[in-house]
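See below for the structure under consideration.
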Amino acid sequence: MIGAIAAWFSHLNDTTGINFTIFYDPFDASRFLQGFWLTLALSGVTILGSVAVGVIGAWGQGSPFMSLRAIVRVYVELFRNTPPLVQIYFFYFGLSALLPAGHNAFGMRQPLIGGFAWACVSLILFAGSFNVEIFRSGIEAIPVATTEAAESLGYTRLQTYRYIVLPLALRICLPALTNNLVNLVKTTTLAYAIAVPEMLYVSNQIWSESENVPEMMVVLFVIYIALVGVLVAAMHSWERALRVPGLGR
Amino acid sequence: MSRLMPVILHNRAPAPAITLRAWHGLALGGLVLLSGAAADAATGAAANTGVFMTLARWTPLLLEGFALNILISCLAMAIGTALGIALGLGLISLFAPLRHASWAVMQFFRNAPWLVLLFFMILLLPYHLHIGPLAFALPDWLKAVIGLALPVMANVAEILRGGVQAMPAGQWEAGASLGFTRAQQLWLIILPQAFRQMLPPWMNLYAILTTSTTLASIVGVNDVVTRAGQVLAAEGGRTDLLAPIYGYVLLMFFIYTYPVAWGTRRLEQRVRVRR
Amino acid sequence: MLKKLAALAIAASLGGIAHADELQAIKAKGVLVVGVKADYPPFGYLNPNGQIVGIEPSLAANVAQRLGVKLQLVPVVGANRLQFLEQGKIDLLIATMSDTPEREKVVDIVHPDYYASGYNLMVAKTVDVKSWSELKGVPVCAIQASFYNKEVEQKYGAELVAFTGVAEALTALRQGRCDAFLYDDTAIEGKLSDPQWADYDMPLQTQDAKPWGLAVKQGEPAFAAFMSDTIKDWDKTGYIQTLEQQYHVRPSAFAAQMHKQFAGS
């Protein structure tokens, strides 16, 4: 059946000039698939990492220690107000040069942390800073009466955060969080700038060899929309499952 | 009593957020320049002119590119917000076909990567636009503006929907019981309150947009990142220049975007309604 | 009345689509818009005043001089140079573009070709590599959208790590993210003349020397013929070799051969 699909697309190219090489050329097909898996991996890792960073950071922002609050504040402002593309360059080129390195077979210096890892680190920190702000706005939207009630029941700050504030804040800020995670999945395309062979990087190679830019664009569009659609559907069903009567409409 | 005070006190209002002051930005700038000097010292600066001098020499060119980034971000935000409000109203409409159509449009532009949209606009839009006898040129950066305005539109629509949905049900009910029509409820009761809720994510979006204008460098717009690459090539690919020049670009964006973020927070605090 | 207005509108818009002969149009508007590289020394790069200079901008200036019009340079990159030409954003493309059949389908590449280069590897002198077949599984830095990337990957099994710009690729090379840099031999020579890269060399044979073509939009026979004559004149007078000397590029066999071929005519 795969052979039939390949033959059909090859025929399509010969007759109309609409060229979907990824369907009939085995080299292109295999590397495009690898690019797809890598995009999935990048998305998964960065989503989990950035939400974790957001939760921890939002807790840190309410800390009684000024140094902790300052650290979180500086981190958030730095990563929110600078371009992610330039951040990635900074990590991959600038920072990696300062870290200790190993040696390869030729005896030359070889960095220990690869492009994929740096892309993950950079994107987690980038999206995490936005998540901290999103959780903060969710926390502040909780009526003061609720936190005061928790305090009067003897909850410590951590317990209040974990059992009362965080669940409520999550429900309030879920639309904004979904928004940010969607942006994150799309931002994974930036990893191509440091030669991580994700989907856009592979598509770039393919369309500059075969001069079939529009076709590859369509494929990219469809796949990303589908990916994000799945994420949004999952977040919406989570939102529905979490719904508390009386909170919002 | 003194033992209870910490418990009572620290569960009170959230600890005051540290606000960054202008001197923090200058400190960051100082750090970048210091690292440039360190790079200088490390390489011995034998054959090459110092990193400082190089950055200073190329600054006017870089700033020109940066100005283009700012222009793109402002125009894209303006166009995107206008379109987004219209789309957002369609999203919360009670008229089902309109709601579904708006939802489809929003999903499409929200789910597409911004870079792919940019490529699409660069390829799809013609170089000249003809309206009757008039013909005007559509330069690349303008196509980038349109390309960026579309996802902004989708995000603004979603922000509007989210803001309206976060309003307590009681507000709608109170309005209905006082005899307001749906449109009146929306414009006189819900939206003014929801506006406060919507402002932070909207300013958030502007921050994302401004930093995303660097994507235009990938589609060939002559912005600050492209110029940084050209400067590096003109300097012979010096590796000691790479971190300082990107740090310099980061600094430019920080200096521009941080006051916007700070202004947002001030605005947010002033209009906050404590329930 | 409405029908008249509609007809007028259609005629006006159609008038915009149909265009006069490109050559005449350029002479009439008095400006020649040429797409060149701005990040590929010595063929096209920025000087501190922000002007694009190099071998190809010089060639473009020569063309403008022959047409008696002013010159406007537009920086292009591999990803957008063909689209710019197709859409009419530039009249002429001189941007280190190799003459391939896929590109011939999209734009009109003028013959004879004006230059040639193949691909080669820049490796550290300490790395001992004697033939291309030793590259299997070796990480090699490259520039995205180079047409020879696929060939090197498939034929020699190298693991390509492709970046958007030369500066990034060279930094990656220095930092050990790859063991060699795959690029045009002419560009590598330009790099090797820089004392910063004294510990690097180009030990292997240049592969697949492909001619470079400059291009005009499809369907412009008069302009294409004019450019063809211009190139022949450049070869005849040795103008290209003069530029090679001026920009410190190793004299290429291709330029010498073309000069010999056209010198007599």
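The letters A, B and C name the chains in turn, as written, and every chain counts its residues from 1.
Note that a residue touches a chain if its C-beta (ideal position, glycine included) is under 8 Å from a C-beta of that chain, and two chains touch if they have at least 3 such contacts.
Bear in mind that the values here come from a model prediction, so they are computed numbers and not experimental data.
Visitor: Please flag the chain sitting at the greatest distance from chain A, going by CA centroids.
Guide: Farthest chain from chain A, going by C-alpha centroids: C.
Visitor: Between B-C and A-C, which chain pair is linked by the larger number of C-beta contacts?
Guide: B-C
Visitor: Just the number, please: Cα centre separation of chain A and chain B in whole Å.
Guide: 17
Visitor: How big is the gap, in whole Å, between where the Cα atoms of chain A centre and where those of chain C centre?
Guide: So the centre of chain A lies 37 Å away from the centre of chain C.
Visitor: Two or more other chains touching the same residue: where does that happen in chain A?
Guide: Touching at least two other chains: 89, 93, 97, 193.
Visitor: Return the residues of chain B touching two or more other chains; collapse runs of consecutive numbers into ranges.
Guide: Residues 123, 218, 242.
Visitor: Considering chain C alone, which of its residues make contact with at least two other chains?
Guide: 79, 164, 168, 171, 175, in rising order.
Visitor: Which of the residues in chain A end up touching chain B in this complex?
Guide: For this pair, the touching residues of chain A are 61-64, 66, 69-70, 73-74, 77-78, 80-87, 89-90, 93-94, 97, 130, 133-134, 137, 139-141, 143-144, 147-148, 150-151, 157, 160, 172, 175-176, 179, 182-183, 186-187, 189-190, 193, 200, 213-214, 217, 220-221, 224-225, 227-229, 232, 246-249.
Visitor: Note which residues of chain B are touching chain A in the complex, please.
Guide: Counting only chain B, the residues touching chain A are 7-8, 10-11, 13-15, 17-20, 24, 28, 107-108, 110-116, 119-120, 123, 155, 158-159, 161-162, 164-169, 172, 197, 200-201, 204, 207-208, 211-215, 217-218, 225, 242-243, 246-247, 249-250, 253-254, 257-258, 261, 272, 274-275.
Visitor: For the complex, which residues does chain A have touching chain C?
Guide: 27, 89, 93, 96-97, 101, 104, 106-111, 115, 192-195, 201, 204-205, 208-211
Visitor: Taking the touch rule as given, give the residues of chain C at its contact with chain B in the complex, in rising order.
Guide: Residue list for chain C touching chain B: 9, 12-13, 16-17, 38-41, 45-48, 50, 75-77, 79-80, 83-84, 87-89, 164-168, 170-171, 174-175, 191, 194-196.
Visitor: Would you tell me which residues of chain C are touching chain A in their complex?
Guide: Its residues touching chain A are 78-79, 82, 102-103, 105-106, 124, 126-127, 141, 144-147, 149-150, 154, 161-164, 168, 171-172, 175-177, 179.
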